[in-house]
Amino acid sequence: MSDTILKVKDLKIQFKTGKKTVQPIRGVDFSIKKGETLGVVGESGSGKSVTSLAVMGLLPEKTSEIISGEIVFDGKDLTNLKEKHFRKLRGNDISMIFQEPMTSLNPVFTIGEQLSEPLKQHKKMSKKEIETAIIAVLTQVGIPRAEQIIHEYPHQLSGGMRQRVMISLALLGQPKLMIADEPTTALDVTIQAQILKLMKDIKKQHDMSLLLITHDLGVVAEMCDRVVVMYAGEIVEVAEVKELFDNPLHPYTRGLIESLPSKNTRKNRLYSIKGQVPKPNEITKGCIFANRCPFAFSKCFEETPPVQHTGNHMSKCWLQDSNKDEVS
Amino acid sequence: GCTEGTSGQDEPSSDGNNDQKAKDSLVIGFEADAGTLIANLDVNYTTDTQIRNIYDSLIERDGQTGEYIPSLATDWENVDELTWRLTLKEGVKFHNGADFNAESVKFSIDYILDEANQSFYRSRWANVEEVKVLSPTEVEIKTSVPFPSLVQRITEDLLIMEPGYVEEVGTDVAAKEPVGTGAYKFVEWSRDNFLKLEANEDYWQGEPAIKEVEFRYIPEFSSRMSAFLGGEIDFFKNIPVDSVAEIKNTDNAKIGEVSSARINYLALNTFHDGPLQDVNVRKALNYAVNVDELLESILNGYGTKMTGPLAVINSSYVETDDYGYDPDKAVELLEEAGYDPEELTLTLDTPNGRYPMDSQVAQGIASQLQKIGVQVDVKVNEWGNHLEKIQNREMGDMYILGWGPAFDPQSTIENLFTEGAPYSSFYDEKIEAKIQETNAIFNEEDRFEGYAELQHDLVEQSAWVPLWQQADLYAIKEDLNFEPRVDEKMQVFEMSWK
Amino acid sequence: MLDFIIKRFFQVIVVVLLALTVVFFLIRISGDPTTLFLPPDAPKDQIEEYKELLGYNRPLIVQYGDFMFHAVQGDFGESLRSQEDALGIVLSRIPATFQLAISALLIALIIAIPLGVLSAYKRNTVFDKVGVALTIVGQAIPSFWLGLILIYFFAAQLKILPSGGGGTAIHLILPTLTLAAYSVARFTRFTRSAMLDVLRKDYIRTSKASGVPTFRLIMRYALRNSLIPIITLVALDLGVLLGGAVITEVVFSWPGVGRLLMQSLMNRDFPIVLAGVFIIALIYALVNFIADVLYAYVNPQIRVK
Amino acid sequence: MSSSLPQNEQALENRVKPKRKSAIATFFSNLSRSWTGLIGFIIIMTLIVISLIGQWITPFDPYFAEFSKKLLPPMTEGHLLGTDQLGRDIFSRIILGARVSVIIGLATALIAGLIGTIIGIIAGFFRGWIDIILMRIVDVTLSFPFILLVLVINAIIGAGLRNIIISLAVGGWVIFARVIRSEVLALREKEFITACIATGVSRFEILIKHIVPNLFTPIIILASLQIGTYIIAEASISFLGFGVAPPTPAWGNMLNEGKDYIFSSWWLITFPGLAIVITALGVNLFGDWLRDTLDPELKGE
Amino acid sequence: MEAKTLLEIKNLKKYFEISQGMFKEKINVRAVDDISFSVREGETFALVGESGCGKSTTGRTILRLTDPTDGQIVFKGKNIEKLPYNQMRALRNRMQMVFQDPYASLNPKKTIRQILMEPLRVHNKFPREERLEKINNMLKIVGLSEEHLDRYPHEFSGGQRQRIGIARAVILQPDFIIADEPVSALDVSVQSQVINLMLDLQEEFGLTYLFISHDLSVIEHMTDRVAVMYLGKIVEVADTEELFANPRHPYTQALISAVPISHPDEEKERIILTGDVPSPANPPSGCSFHTRCPFAMDICRKVEPVSKEFSNGHKANCHLYTDSENKEEKEYAINHS
């Protein structure tokens, strides 16, 4: 598949904390095509960030371990890539925007200093050229007074501005893949709308792939071509965005969509999923969602459900399977 | 009278040209800085010892016997009970070229007497009424009362300053850049660091053998010791007795020892309400303390045992009875006094590091008294507190203290055993009367007689537990000619390299 | 900015004056020094006279007012012992103390910062663990004992270094090492943990994501952030060093303020004690003040243009 | 478990319900996981035990001067660590000296901690002028290096165990006051305190029932870290001749007395010094561990 | 039916003076700048607006958790803005608060029993023996059980803690509860559980809510009336349905249009605001929204607009609707909104 830019196969990641180990990523499979926007939705702790960090090779070296699976970027396996080679990719072929614009910029360096870094690392450019390039990108993301801003420090900018700076940082290397980890969660709705629009435009202009991580189904609906639904370190459903909203197969996805207030009659009780997201150390055998699933039956508690493909729509639920032999 | 001091021991080193190494400088490791370099101000061993190389006194002491010998004064005599006349040496010049004469003597004494100068010596000189210049070589000193110890004051306190210089530069400068008639001229003084002197080629007693002298201030013994072992300093004083062997074992080093004029004693406080007001208890303590053992085991034998109030070196010393060590007798006496030794607890205060092994001696005494059952609480005081407690009469039963220099009977006895003097805290009505009586005697023989009686009385009364005359211990370079003096002074003029 | 400096300076002065007040009363309450200065055979009336001369028999509050009145003009009276200007004596000892404290500080920084950075970078390796263990031990060794042990080895046994006295660079070696030891341990630990803190920060991840190589990441991006807290610590520790210098100066016979203060305490030379207290409190307050300014300067978040 | 009703979140609850251990058991299981903390704890316990029963387990009378046996090197005539300049057994004196260190460390931490905490609470809770005054006092105290301050106070009020505790406490309370004040200030802003106000709890009750209990952790951590400082400070001051006076054996004054023997009898300064180092090490290790366990955020003061 | 007014806020102001560290001048933050509104008995009144616009401050000032700088707070006909602490305490069993952060709002050192007992004890509510029973009842209502009584907050999940927080507020059976973003810190799947709980409780106890949120879809779902805040001021008030159907103020329009779609097929005409929210320390002159307003006119820069009432209870502060020149411009704007 030459049009696949990134392929993640059966990824399992484990963390060591003290003597204990937790495995927050337990088999993640997905791929992104060139020019595609893939959304990853999931509640807090479902492993979205860990997955994206794994793609960037930014997992903490000492405490984390990819125990199996592979990450193939542009035909290259990144799983065992040496740090030296990884560095060539980062900020150049793959770049990333982080969740917290307030803390993701170094407070003691000017915007200019920080933005020049990917260019210094990856491109042979003179100081002057670097500055011109930076100002160009800043202007492109809609930052006024770019010439002055490059001499200012992060704390002098508002949250929205900082996130724009982060986006321009990610754009500077003209990456093939951009990963955005909840780029708007910390922002206000009006600013969120600005940033989302900006990202849409930019993506179009630069013809890159976008891996958009979020917990907000609305953002997904707005931005994505395809969606991956994660729950407790596993992928429970993957589908085209329309397909997902029209025909969610996994009870979890269904629950998420159903519980949107706009799907419920005003002033009435909302549909809700019972219980809460399990922590990585609370996971037992069977389906991870079984204990919250309104449709769960005994099998769900015993065996991990298989991956079901219906065309491009993938889900991981015994219900799909049971449709075939059992009656639910 | 005496003429120019050449008592055998002094080896004026003008004939020191036989030294081939041509080493002519000397570094003395010294424990503390001088308070000031002006004379006649600071009553302090560290100050006095150093500036005596710059200034001369009118009368000196023989380094070994402690006897008076003439210095800038060639002769002194009593005209009457209230008048003293001193004849001065001629042709002596100050470092700045000015002449030494009667005016400078008057100036120096007046300096002490002038309240504005806040001299700490003033109280000792309070009896001096007037100094009269009779001629350039003669002065007369008038006292308000008969003042037999004036000679001692002149010897111990008075150093001669150059009036013209002091008046010209003021006391502040004179205190930093002193001018005297002494064997050494001032070069440089770095506070808490060093004092550098150079030989006074025109010194009236001859050219000093050692041309450059440095007092280097090193307060810690261990630092002094390592400086000595490393060859940075040539000699230093106050070796802990336990380090003597170490120095003896070192190449090119010897130990200098002298019985100094400082005495150590165990004061028995009769001002404190308690058993010590009973003479039998005091006697018992005299029997129970084994001075020989203390001397031998704690001081490694460095010290000269005393039996009475005065040391052998004292001009009026007479031999008195030794109580000796007799624990049984001690117990007996205690019981006689109505005390059960097992029930008796006494306090013993001691300074720490002021006298050789002082706090250890105190703990030794405590151990010895423990043997007859008496419990002793040893309290180790910081020196300032110790002194304050003594002067404020806040001491308990016993304390350890030293006194010196103890050449003269009056100063020792008066300052230790009278009601007003706190330093031994012994008081007895009859003895007090006798002391006052003896002090006023002008006739030398009667005076001697009086003090002899007093010594016996004091021993009889067990006024204190006499311990010993301190041994001053010096670590000295093997090839340095240096004979430690009884008065603790370090007269570099007397020293030379072999 | 000027406003701030003036305000801070005012604060410094208030603090120093209050400090003087406290020490003044403590000292006066503790007794008077006459006994130590007059010869032991001085009669009572001269003691009284002397007290009067020094003004010690006036009401305490009058003495205090008088003292303060002169103190604010830099006049702490004359040393009881040498009758020289007390402040002058103290000031003349400052260079020696500074020499010791600054060289110890420099040594500590030169050793500690690279060590701390390396330790943080190689965290959980054997190197790091040994380093951390050493710093813990280093902080547990009292300086006077370390001084004695150094003297024992280098002066008494090996006889290669002098154990005390002032002046030359050689004399400086042992006292500097003694004084620096604690700070080395402390700085190393602090640098390590500051560095670890910074390395965990989001913005470091951002830099990594831009492809910054590790060495550059640490030396340029992480270090500058860590330096901000380190600067404050260093300034604070200069005070600790000045305090520690008392002990080191005594052990090594170093002619600095600390030793002077010790001796004056022993001698009850109170004008010197007060002048010394004044100078040390002032230096300490100034150093903290400078630390604040420096901190503001290196930290763009509170810097003004 | 998994067979129980899945819909009920109770099921999950029960599965993950933490096993409740007693506080002591938790303490030891935590401790056993960190060898540094364990070493620290063992050293501290040993020290405390020694200081309690020390006088009965010394092989020799630590006060008794046996002149004939002075300055014996270690391991001679039954003297494990040798004898001192008066022939007293050094090992016995070190054992008895532990008491001074333990008393000083604990008593000072207690007094300084108590005073500092109360002042910190008052300043932080009531704010206003009282805060300003108290903090100025803190500034004044902090304008001296700690050891110098203690030294000056001790030199002025005189030597002795009680006085050294006083002077250490006078120098030491400020750090508690500072830390506790800022803790209180932070707590005051915490939402659960706001919640108390919203509930209608009286100010006094808020202070006593909600703020104070949340101060225990920082107090304990701080105290445990300060104890080492106090022990070393006591030794330093005794070493300079101002602290605990001989013949009471304290490690600092043993060093002071022994320092003149550095050229002849190394054991006089070596062993008391080691005792101090080991003690300070133990206290620091334990304090560090406590801090890391109780409050990983409080790192670095 | 016209319900009684429970709470009335008149010209409330709250300014904070904050120091900017040692080197900078102090600044005056106008967190709440002259707002007025009233809450009727039994309704859910919403405050919506972007971060920092002063929603929480309004809520906290009403409960007197901070003192107002100026203005009146009338609760049940009684002015409470100046009541001293101890008198205010007595009133607190009538008005309660649910906090945003379920982790920070429970004392970590107290068990659930202690946390829930405290309000009862303080207000001396119910006889002593009955209190435990009441607590157990309450726990059941919020979906917890007796066995949780002796646990500490850290042993609960975020959703559970928020329910404990709600239980604490409701156990006194107050008339009025201010809920400051009660669900925004929660996982999506748990959010709906808590919203349901709040709806249930309102029904059961007849509560009045002041519901603070920035999540417009939640507001649309569960509130009766909405006030939109911008930079410390209320720019528009209306019944919820009216507001969402017919927003008047350009800011409200932008806000509503910025909400992400809920289905990919949904087409949405967006008003994308330019720029950031200005700092409340230094609010723009005139209409504070003029810096970002797509329809800003000259007058907006100079004159602060006054409130204009449209239909029943629908008010907005905007020059577009006041009588003045620029008619054309205004018409254009209104037609295109």
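Just so it is clear, A, B, C, D and E label the chains in written order, and each chain counts residues from 1 on its own.
In this text, a contact is a pair of C-beta atoms (placed from the backbone, for glycine too) under 8 Å apart; a residue touches a chain by one contact, two chains touch by 3 or more.
The chain list, named the UniProt way, goes like this: A = ABC transporter ATP-binding protein; C, D = ABC transporter permease; E = Dipeptide ABC transporter ATP-binding protein.
Worth saying up front: this structure is predicted, and the values here are computed from it rather than measured.
When the partners of subunit A are compared with those of subunit D, the chains appearing in both lists are C, E.
Once subunit D is left out of the assembly, the remaining chains are all still joined by touching in one piece.
Centroid distances from subunit A, each centroid being the mean of CA atoms, peak for B. Counting C-beta pairs in contact across C-D and across B-D gives the higher total for C-D. A straight line joining the Cα centres of subunit B and subunit D is 47 Å long. Chain centres here are Cα means. That of subunit A falls 32 Å from that of subunit E. Subunit A and subunit C have centres, each the mean of its CA atoms, that are 53 Å apart. Subunit B and subunit C, compared by their mean Cα positions, are separated by 39 Å.
Within subunit D, the positions touching two or more other chains are listed as 155, 158, 241-242, 259, 262-263.
Counting partners per residue, subunit A has 274, 276, 292 as the residues that reach two or more other chains. Here subunit D touches subunit E in the complex through residues 10, 17-18, 190-192, 194-203, 205, 210, 213-214, going by the rule given at the top. In the complex of the two chains, the subunit B residues touching subunit D come out as 220-222, 225-226, 229, 240, 242-243, 245-246, 293, 296-298, 352-353, 357, 359-360, 363-364, 366-367, 378-382, 385. Taken together, the subunit A residues at the contact with subunit C in this complex read 56, 58, 62, 83, 87-92, 95-96, 98, 100, 103-109, 114, 117-118, 121-122, 153, 155, 166, 169, 173.
Subunit C contributes residues 31, 33, 35-44, 46, 50, 53, 79, 81-84, 89, 92-93, 96, 148, 151, 155-156, 159, 162-167, 250-253, 255-256, 259-260, 263, 266-268 to its touches with subunit B in the complex. Here subunit C touches subunit A in the complex through residues 123-124, 201-214, 221, 224-225, 228, 298-301, going by the rule given at the top.
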